[in-house]
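Note that the chains are named A, B and C in the order they appear, and that numbering of residues resets to 1 at the start of each chain.
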Amino acid sequence: MGGINGARNTKRTKGRFVFPALGIYAGLIYFFLYVPLFVVVLFSFSATKTTVKFGNFSTDWYVKLFNDPNLILALLRSFQIGVVSVFVAIILGTSGAYFLARRRFFGKEIFLTMAQLPILLPGIIIGIALLMFFVSIKVSLSKFTVLAGHVAITTPFVMFQVMSRLQRLGRTYEDASMDLGAKPFKTFFLVTLPMIKTSLIGGGLLAFTISFDEIIITYFLTGTWMTLPVYIYGMMRFGLTPQVYAISAIILVFSLVFIFFMAKFTGAGSDEAEK
Amino acid sequence: MKRITIVICALFAAMIAIPHTGLFAASKKDKAELSILCFAEAYAIDDWVYPFEKMYNCKVNRTYAGTVEEHYSKTKAAPDQYNIVSIMSSRVKMYHDDGLIQAVPVDKLKNWGKLGKFFREGLVPTIEPGKNFYVPLAWGDQDFIVNTKAVGNKIKPYLKDQGNGNYTLSYKVLKAPEFKGLTALFDEAASLTNMAGIAAGVKDNSNLDEKGYEMMIAELTAWAKNARAFTAGVDAEKAMLTAEDAYISLTGNNVIQANLLVKEGYGDMFTHYLPTEGTVLWVDGWVITKPTKGKAYDLALKYIDYMIGKEVQTMMSTIVGWGVVNPEGSGGYSEAVKKRTPWYITGTDKFPVPLYVMKGEEDPPRREKTWNEIKAGIGF
Amino acid sequence: MAEDTANDRPGGARRYIVGMPVVIWMLVLVVVPVLIMLSMSFRVKLGPQKVTPFSLGNYIEFFRKPIYWRLFLKSLRISIMVSVVAIVTSYPLAYFIARKVKRHRNLLFMLIITPLWVSYLIRIIAWRTILGNMGLLNLTLMKLGIIRQPISLFIYNQFAVIVTLAYIAIPFVFIPLYTALEKIPKNLIDASIDLGANELKTILRVVIPLSSPGLITGFMLSFIIALGDYIIPQQIGGSGGMMYGNIVWSQFGIISNWHLGSSLGFILFAVAAIIIGIVRRFGSKEGVYF
């Protein structure tokens, strides 16, 4: 490479030692993040219930897991709630983001602050608040109250992500589209949506992550309909059976397979076009 | 890209749909349902729940709560969600006064008459004349689990020889400077405040007056300041003991630990001791929530009756280890329990140390607050 | 702002329909429940089923009793430490992936998120295994010959709480940091280099200020996670481990004082909002940034 880029390259060689150092650092952090997970996988294959010493190798817990519908059902419920929450959060969040980024109205600052409440308030407060709300309007606890709770806390994440993207994009494309005669609805789906796609996916991912591992709010808003984290939480007193480690190991393996799979098929790197 | 999206969407759709198909619940439509709220691995174990479901062609929904507190807050928040709840005998009045429970017609329980006299009469003071709100199902006490080798002879001054080769351990060991940072306490306000009261020598540990509170608080604070950690579960306690992060544990899970530690090969490392000054006896049992009626009510009565029958009581003492309330079930204790916590076999009548039954405390919230204050005062 | 000319468009009230779903969400799931809790917090519990009319009693109680404010200060200190640790740890990582890595960025990003899908409770138990007397950390140190006896100082104390809380917080801090760092236009960095600054100076003078919305959001998330947590202090915090989250949680158990509990919760929220507001004054005004 010559020309202008050539000149840049020589300047950049000054900072070249930084790259490997940072790389090693990054590797260490990944190691730090995954060591506890490897411990979980390790002990899911330990014959004894203790987590202090590794016992004999055994796949007993996996066998027991598949014979115990309760844990698996709880996992499926977590998925259910996660996917549906994300779906609702995306609809609410995107429409809300559009509203905030593209419309003028009185009290916008207050609205924005209040929209952060579900993030800023401790989970126990949100959980109790919603519980009392449902009790006062005589709605009985079920998966729908759980959904309401999850939607309450996940929507802001989607909304703010999409909103900042919309703000950065500006109205140019939308205006151009509408000047050319497209109705607002069409403009949204054919012009705006593709441009905010990544922030939707990012927001949705974050929303799913939060919903999937959510304990406190779910705990308060459910009776017998238990998601996986709440089920595990209830087991902490008299003994986690290692089936729980087994199911966690399975979740980990599936997740890793899933993201490697997605990475392969959606291509490496980020969207150059977005810049 | 489009194909992958379709595949993923189909996957997610499947995940949402599967729980609604009959795959995991065999024909649940015409089945009556019973909803139980209790501790996990304790009072609604597969071993006797599955036969029950078969016997009465019903479905049992089990919700697990980790602490006594959570049982209460969950029941209070939504009493219509659960039919029967396992609670301590000392809390019956509290649940009753909050309007959460209804009377149990004990004459309809076939096994009621088989309960030990101690459990049938006088355990719960009369709340409404002629009515029974509580059916006991298990009992247990609190004691010490000690890492024999690690403490060595340092523990000798605190042991008392009962005469027949059995030793008991004094509560003083929890305050001992030589064991600083080596003890663990079971994190439950009710048990701890009662035991500290016993150790401090108050008149009635279930009914503390101001002087009693003073003495109890002084004692419990000394214990707390000397402790390494407060354990809130079998797993946490077992981890601490087996990793030797603590040598002495004041435990609420003695029989469970006795069985577990032996099963995992640690049995010989530990000895169980009863507290010399006396210990508390807790009794757990069933209450029926007020909104329960119809088919669920029938099932509730059937399950309660089933659990105090010989068969399940024996199973419970074998699998879990708790003390039985129906003497017919006392044949099931494991070898581990027979050897390490033998007082479960001899029963509540012939207890080797003074036994204080946990009746309702004079002010449960205040006990809770007191324990919170003690914990909060440690360290910054 | 971009939407200023919006109202010139025809359509009138119809244009506001797009905001209806979120406004309904806001009212039903946020405003009303929060108002219920807020009104509860202004009533003092006198006995079962008995409360006073409007009163600041609960809030006064917070300041009167050391158990509340002392515990709060302790948690505040720990939460700030956790957030600082999480940010300092995540920043170089986010910088590396956002600006130095050319390929597989999405994959690397997802690998940081993936641990969040394994239950928080399980990860805490794993840390107990790692930090304990016979845990991985001690075993490794002994194998390497660095120590001869296991060190019991790793667990059942504040060190364990901070490490574990930071561990939980790092992915949540990473996301906004990465997002902010990724958006910095390359030409600004190049300009800085052209003007003679080396990489470190560029990072300090250009990159960090430009990524401040991400720093603020990251700090906010980590701070809230740490401040309200009660499970980690209880499991591995040791005897001196009690934190504010535990006392808030306790109000909803047998103590059954939901009124005091709500007020304690709102105090936590108020302080968090104030701190975040102050921190935001020092950064860019771009707002919440995920």
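Here is the rule we go by: a contact is a pair of C-beta atoms (placed from the backbone, for glycine too) under 8 Å apart; a residue touches a chain by one contact, two chains touch by 3 or more.
Computed from a predicted structure; not experimentally measured.
Participant: For chain C, which other chain has the most distant CA centre?
Facilitator: Measuring from the centre of chain C, the most distant chain centre belongs to B.
Participant: Any idea whether A-C or A-B has more C-beta pairs in contact?
Facilitator: If we tally the contacting C-beta pairs, A-C comes out ahead.
Participant: Measure off the straight-line distance from the CA centroid of chain A to the CA centroid of chain B, and report it in whole Å.
Facilitator: 37
Participant: Can you compute the centre-to-centre distance for chain A and chain C, using the mean CA position of each chain? Integer Å is fine.
Facilitator: Computed from C-alpha means, the inter-chain centre distance equals 15 Å.
Participant: Can you list every residue of chain C that touches 2 or more other chains, as numbers and ranges?
Facilitator: Within chain C, residues 125, 128-129, 132, 134-135, 252 contact more than one other chain.
Participant: Give me the residue numbers in chain A that touch at least two other chains, ranges are fine.
Facilitator: Only 51-53, 233, 236, 240, 262, 266 qualify.
Participant: Do you know which chain B residues sit against two or more other chains?
Facilitator: Where chain B meets two or more other chains at a single residue, that happens at 67, 232, 235-236, 239, 242-243.
Participant: Write out the stretch or stretches of chain A touching chain B in their complex.
Facilitator: Going by the criterion above, the answer is residues 48-53, 55, 68-70, 72-73, 76-77, 79-80, 83-84, 131, 135, 140-141, 220, 223-224, 226, 231, 233-241, 262, 265-266.
Participant: How about chain B: which of its residues touch chain C in the complex?
Facilitator: On the chain B side, the touching residues are 67-70, 72-73, 76, 94, 97-98, 181, 187, 189, 224-225, 227-230, 232, 235-236, 239-240, 242-245, 364-365, 368-369, 372-373, 375-380.
Participant: Would you mind writing out the residues of chain C in touch with chain B in their complex?
Facilitator: By the definition above, chain C touches chain B via 48, 66-67, 70-71, 74, 125, 128-129, 132-135, 152, 155-156, 158, 234-242, 246-247, 250, 252-257.
Participant: Per the contact definition, I'd like the list of chain B residues that touch chain A in the complex.
Facilitator: 1, 4, 12, 15-16, 18-19, 24, 35, 39-42, 46, 61-67, 74, 77-78, 80-82, 232-236, 238-239, 242-243, 253, 256, 260, 263-266
Participant: Under the definition above, what is the set of chain C residues touching chain A in their complex?
Facilitator: Going through chain C, the ones touching chain A are 1-7, 9, 11, 15-16, 18-23, 25-26, 29-34, 36-37, 40, 89-90, 92-93, 95-97, 100, 102-107, 110-123, 125-130, 132, 134-136, 167, 170-171, 175, 179, 182-183, 185, 190, 193-194, 198-199, 220-221, 224, 227-228, 231, 245, 248-249, 252, 258, 261-262, 265-266, 268-269, 272-273, 276, 286-290.
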